[in-house]
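Working notes for the structure below.
A, B, C and D are the chain letters, set down in written order, and residue numbers restart from 1 in every chain.
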Amino acid sequence: MMTQATSSQFWLTRPFGERATQTFLGVLFAALLLVTVLHLAVPQGHPLHVNAYTVNLFGKYLSYALLAVAVDLVWGYLGILSLGHGAFFAIGGYAMGMYLMRQIGDRGTYGHPVLPDFMVFLNWDSLPWYWHGFDMAWFAFAMVLLAPGLLALVFGFLAFRSRVTGVYLSIITQALTFALMLAFFRNEMGFGGNNGLTDFRELLGFNLRSDATRLGLFIATGVALALGYILCRAIVTSKLGRVCVATRDAEARTRFIGYRVERFQLFVFVVSAMLAGLAGALYVPQVGIINPSEFSPLFSIEIVLWVALGGRATLYGAVIGAILVNYAKTIFTGIMPDAWLFALGALFVLVTVLLPKGVAGLLGHLKRRKEDDHPPKEAAA
Amino acid sequence: MRRFLSLGLLCLMLLGTAVSAQAQSSSSTPDDQAALALLTALDVDSYRDKGEAITAILQSDDERARDWLQALLDGRLQRTDDGRFVLVLDNRGRDWPVADALTNEPLGEMSRRDLDRIGINNALRNQLRSAIAVVDLYSPNVERRRTSADRLLGEVDGELAETLEPVIADAEDEYVRTRLAQAVAIYRAEQGEMAGVEALTGSLHPRARVALGRAANSDDPVVAEAAATALAGIEQQLKINRGLETLYFGLSLGSVLVLAAIGLAITFGVMGVINMAHGELMMLGAYTTWMMQQLLPGQPGLALILSIPAGFMVAALVGIAIERGVIQFLKGRPLETLLATFGISLILQQLVRTVISPLNRTVVTPEWMSGSLVINDALSLTLNRMFVLGFALVVFAALMLIMRRTRLGLEVRAVTQNRAMARSMGIRATRVDIMTFALGSGVAGLAGVALSQLTNVGPNLGQNYIIDSFMVVVFGGVGNLWGTLVAGLSLGVINQVLEPWAGAVLAKIIVLVFIILFIQKRPRGLFPQKGRAAEG
Amino acid sequence: MTTLQRKTHPRTLSRFATALVTAAVMGASVQAVAQDDAPIKVGILHSLSGTMAISESTLKDTVEMLIEQQNEAGGLLGRQLEAVVVDPASNWPLFAERARELLAQEEVDVIFGNWTSVSRKAVLPVVEELNGLLFYPVQYEGEESSENVFYTGAAPNQQAIPAVEYLINEVGIERFALIGTDYVYPRTTNRILEAFLKDEHGVAEEDIMVNYTPFGHSDWQNIVSEIRRFGEEGKPTAVISTINGDANVPFYRELANQGIDAADIPVIAFSVGEQELSGIDTAPLVGHLAAWNYFMSVDTDANYDFIDAWIDWTGDEEAVTNDPMEAHYIGFNMWAEAVRKAGTTDVDTVKDAIIGVTVPNLSGGYSAMMPNHHITKPVLIGEVQDNGQFDIVWQTPSTVAGDAWSDYLPGSRDLISDWRKPMECGNFNVVNGSCGGSTAAEEAEAALAE
Amino acid sequence: MSLLQSLKARDRVFDFMATEASPVDVRHGPILYMEDVTVSFDGFKAINNLNLTIDDGELRCIIGPNGAGKTTMMDIITGKTRPTEGSVWFGSRHNLLQMNEPEIASLGIGRKFQKPTVFEALSVFDNLELAMAADKRIFPTLTARMTSEISDRIDDVLETIGLTALRFQPAGILSHGQKQWLEIGMLLMQRPRLLLVDEPVAGMTEQEMERTAELLTGLAGKQSVVVVEHDMGFVRSIARKVTVLHQGSVLAEGSMDQVSNDPKVVEVYLGSDEEESA
């Protein structure tokens, strides 16, 4: 992945110069186009017609893919195995969910102009302070990025400053998301407790219960994925990206040549958290509910599996992995529910033991393309 | 309810002696017609009438009375369609073995469709208990007399007080005497009599407190005064007891954490292997206990004791399988190990779900482990948790011994400090790895055996403990068994101290956040390993 | 997208390739437009994996059993019934997704499903958007009435309120500890009960204790000892438990070990049924109570037939039946009856036809579908026996009609629900006479104004 | 052998090493000043009130048996380890004990590790680019562009360390000796005022050693160099002043001949030789 020498282009436009990125964007947009055409142009009942349900499904996969890219950025290039990225995803989702709740207005079951239903029947008389402002789209969307970013900033600052790395970091990220899950389950928190936020109606005035909106969200997610991908590519191909790799492989050495390692870690960690938040925000309106189970450690660690399966430190691998696993999940839980957990568990074992470089690694082998980068021989951070 | 009781008692007292007399010389068989009538009187809808009927049975001098009342209490006294009354001997399955209530001769099996139970509610249950207690007051069996005496605390009223005086006088058993005296004193205190108040001073029994509370509002200022001071003293006592109780709760929760974490402290702390399947190894231990109880029906205690070695072995073997099958291929790649073992945990869970059942399994608590050790009327320590606490300490001590005193422990420490060097000194590192991992896993199994006495034995058992146990190990300082012990116990206590005012959820969150922050401050935990070895 | 997926699809999954094409690409289109002889499709939306599988998988079996019985009896409208089973895997967003799959893709005529409130809330918008029929079999917190959902489980006034009435009138309880898991059902139920106890029975503030714990809470020492002290104040005390699933075993264990006995402080539970008990050593529980609309120990032939059928279906002598199963039994028969009445499975027609339909329940009476899409049921109080069964100690003289909107919550006091024409409204406000919204709106506006 | 030629034509080759104006104040006295430094791990004193001063532009060799505290001393200077007591000054202005690794590094102290550590996943070229003295804050790094003079500089160093052919190979595939050179190259890119070189010639061929010697001596004068080395031959070939460490403190100091005749040193070394052979 590492370019031979940093080209003299502007850092953000750099990725467009790479073949890998070009192919990725090509495939992605082709897929978006294909689905859109099959959905709109092909008449109902024709065997090739893609119905709204499927479009919605793919939209969900794409938001997962974006989440996977975010995780790959920190794990693949920074060597930080975060078992808490589900938290950032969920927080982004909640920010969006709060906006959507406010959009319901007085159409809730109790017809209350301000308070969401769950607050009414738990007898809250006024909106908690942190719910204010979420009726404004710009504010809510800002929060989608800022809230996870802020959490990552505080948590990361403490963690990296005191040089908590490797397994320790993984464990406390897990504890972080676990604690947040417990917290959001509490009804006092004012986020709807276990029921979370549901019954969404409109997003920016578009009716969430119409197929057109679903298609729109699907495309929007695709575009977001593309942008996120480009941003990550731009980062990892920049000199900063190489500092990250340097940190991953020899943290102390990187310090001795004068880099404030903890700051670089923090920067990338925050960017990744924001991307995760964005993914969550796109996920929520498509599935129509956000609740604390998104914080569950199981989910966070599953994300890591997507990345591992797709191929660490190759962003497109993360995308492939996310789509593969979730697709398999849809099939399995549909056809043989009991087998699913076996399959998932087996995947964890097989991928880590037999396929450390993931699918992307395989593809690389098959193509026998000699690349300049060698994914870390010891993936241990 | 009181009313029924005293009514019955009054008469009963008169012939109480008679009953016991008969008990000695069980001669004349009373008229079965009368007995049948007594029972038929029970078979009515109104619980009030049932109450009367029970009183009637009490008043009858029938020696089968107690059996009937007991059966009624247990819901085993039932009526057949053809109007006979039977005692159900075992009420499981579709057909139940029964015996005739009057003659006690077995009548074989009957379909539950043909049986109508004589229902009781909690009010009647209370009445029955008191009634039986009164009968037992004259039982030759001391235990029965004592329980009946306990039962009578707060149940006493005017007539009963009178009738009890002589009983107290010639009760040969010390405990019975004091208890009955208290019972009467409670009544007197409630009546606002000085004698009662004085007798109750310093007694921690809740009924006594209530009685004193009433006395404190009595019109007689002297009595009120005395009662108030007595209460104040008692409250003081209660505070202390409450503090002790909380401490005990904390330690027992802590002991669970220690048990869950100590295995990790070995595999993670000493070997540096992240075993996310640790919780599932605990689960296996718990299921082993269940298995054993299935194999030895009717002997839960024996089964439990046997499942200690069994649980250890099962978990250890699975642990070895995991080490050989997966972990050895991931040496020096802790994060991959973490992921792989997590996969294993998923597989184990689902395995249990499909092979055994997704439902929780029933693990019986043996007699000698259920109930609690009564320190005083205000403080009693639950036995099962006390056993777990003791067990945790024993396991810990054993591990310390193994690590400090045995060849294995020495080799383990050697290998962990410098693998190559240890090898060159002829230590078979792979063997040591296997042994260590087996040991850690086995301990997880033991934890499972203990947990089966406290919580659900189900497929999710492991998940509920894995994060906590990692927290304990990290908090205590990796590679340090003492650290794990201290961390576990202190976290347990902190949690229990917080819980009353923060609530269970918040307490847990606070503890988690506290640990997270603590790790930021001291990345190496409470008892860090120092030196260059730790730098790497 | 699909082509790309098929290319990268692992070999092991290839046998599902066809399934995939159907599932992913063709969607509804491949399903032939239902002819008269085509089977009637019954969707079953219960978790078969994950944490909820414990409770929900038996409900799936129940519906399958009912369908088979119906088919043996000649089906409906001369057409056979076909079960379409999907697994939402205890994952709430997945519930919505699966519901969409059932309605948009499989085009089922009716859905029986859901257990937790959150899963129902997740499914609700989908069912309403695609105009499906959902029968929800579990007791719940109420405060909801959807045009497309039929609530065959108990509303709070069909379980909680009568239970408390029983405690007060029959047992003479004066102090109440409301202990629950921290989610919507206990929160709402306890709020209703608090209001009810204070307003209707003048119970004082200090005689009510409320406590919430997280899911799967396992360390009950503190809370139980709190309860013990709460009960030592001289007044008869009871615990009203809305503790959910797994947390119950350690709770009852701790009760027993701390020597709290049903006769001293009875616990009445709203979420502990025969199935939950099958995982507990019931000896120490004897005498504790539960309030349901059905118990396996109900002494009627209809019930014994149902139990025998169930035992034969599962092939497990120990198999137990419970309240949600009866709810499905009632719901299924109501739906079948309505279809017969309407002569079609068309959703809108069935929706209208089913209101007023009356079918026998298993406790010897009849249940009717009310205009608010809730049903009438008797309320039973049972005492736990040492054989894991309940002994019915009390029951309401007549059936109780489910109440969508509680009379004891300020927000919903003024709301009623009636899906008959002309009202056709789930939350009609009797005060301002408009559909949708309560006076809580104005109250809040006032609150904000301050 | 392009290097040897280049070494002959000094004026051209080594101009890229000309040190930039640095904040370090050496007007009065030494560039590095360690006083009464002590470090103890769990009671064991790895460094035992060590006193050491390095003059500006000096080339100093430090020898001593295993466990003498050589590496620990470097850890202290570079901020990896904090001494239990004592003071360490860089020039007369900077108290190193109050700085962390990156600050110390950017102040102009470069270090080459005993076990060569290069960034194996990165190409040789990238390794050098990262090491290069530049603005190492986040955003400058993110937006950094490759300019001709930068690549020229890197090319020069590549030539000096003889890795031009392998410039785009990942450092992971280099031989041990090559890694040693790459690391030296990274030091050169850093343009430090003070180089700490830990066993530079371990695993090197005679020729390579020779080149290293040339390079280090060539550096001395412009930059101060501290070399820790076991290989006595090599030390002799470059040493002007030698310090012998033993059990964490200075045993002897002086010219190679002085120290090698010092009885204490001999005694220590004979002892330690046996240990090493064991």
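Simple rule for what comes next: a residue touches a chain if its C-beta (ideal position, glycine included) is under 8 Å from a C-beta of that chain, and two chains touch if they have at least 3 such contacts.
Which protein is which chain? UniProt says A = Amino acid/amide ABC transporter membrane protein 2, HAAT family; B = Amino acid/amide ABC transporter membrane protein 1, HAAT family; D = Urea transport system ATP-binding protein.
Since the model is a prediction, treat every value here as computed from it, not as a measurement.
Novice: With contacts defined as at the top, give the pair, A-D or A-C, that has more of them.
Specialist: A-C
Novice: Can you figure out the chain closest to the middle, judged by Cα centres?
Specialist: Closest chain centre to the overall C-alpha centroid: A.
Novice: Provide the C-alpha centroid distance between chain A and chain D, rounded to the nearest whole angstrom.
Specialist: 44
Novice: Once you find the CA centre of chain A and the CA centre of chain C, what distance in Å lies between them?
Specialist: Each chain's C-alpha centroid was found; their separation is 34 Å.
Novice: Take the average of all CA coordinates in chain B, do the same for chain D, and state the distance between these two points in whole angstrom.
Specialist: Chain centres of chain B and chain D, defined by C-alpha means, are spaced 67 Å apart.
Novice: Report the inter-centroid distance (CA atoms only) between chain C and chain D in whole Å.
Specialist: 74
Novice: Which chain D residues touch at least two other chains?
Specialist: None at all.
Novice: What residues in chain A touch two or more of the other chains?
Specialist: Chain A, residues with two or more chain partners: 182, 185-186, 338, 341.
Novice: At least two other chains touched by the same residue of chain C: list those residues.
Specialist: Answer for chain C, listing residues that touch two or more other chains: 182, 212, 214.
Novice: Using the touch definition up top, name the residues of chain A that touch chain C in the complex.
Specialist: Residues of chain A touching chain C: 27, 31-32, 34-35, 38, 44-54, 56-58, 60, 106-107, 109-115, 117-118, 120-123, 125-127, 182, 185-187, 193-196, 198-200, 209, 287-289, 291, 293, 320, 323-324, 327-328, 330-331, 333-335, 337-338, 340-341, 359.
Novice: Could you pull out which chain B residues touch chain C in their complex?
Specialist: Its residues touching chain C are 47, 74-75, 91-94, 113, 116-117, 119-123, 125-126, 129, 206-207, 209-210, 213, 245-246, 249, 252-253, 256, 353, 358-365, 370-372, 380, 382-385, 454-456, 458, 460, 464, 495-496, 499-500, 503-505, 508.
Novice: Within their complex, state which residues of chain A touch chain B.
Specialist: Counting only chain A, the residues touching chain B are 81, 158-159, 161-164, 166-168, 170-172, 174-176, 178-179, 182-183, 185-186, 297, 301, 304-305, 308, 338, 341-342, 344-349, 351-353, 356, 378-381.
Novice: Please output the residues of chain A touching chain D within their complex, sorted ascending.
Specialist: It comes out as residues 2, 4-11, 235, 238-240, 242-243, 245-246, 248-250, 252-261, 263-264, 267, 372-377.
Novice: Mind pulling up the chain B residues that touch chain A in the complex?
Specialist: Touching chain A from chain B are residues 274, 326, 329-330, 332-340, 342-347, 349-351, 353-354, 467, 470-471, 474, 505-506, 508-509, 512-513, 515-517, 519-521, 523.
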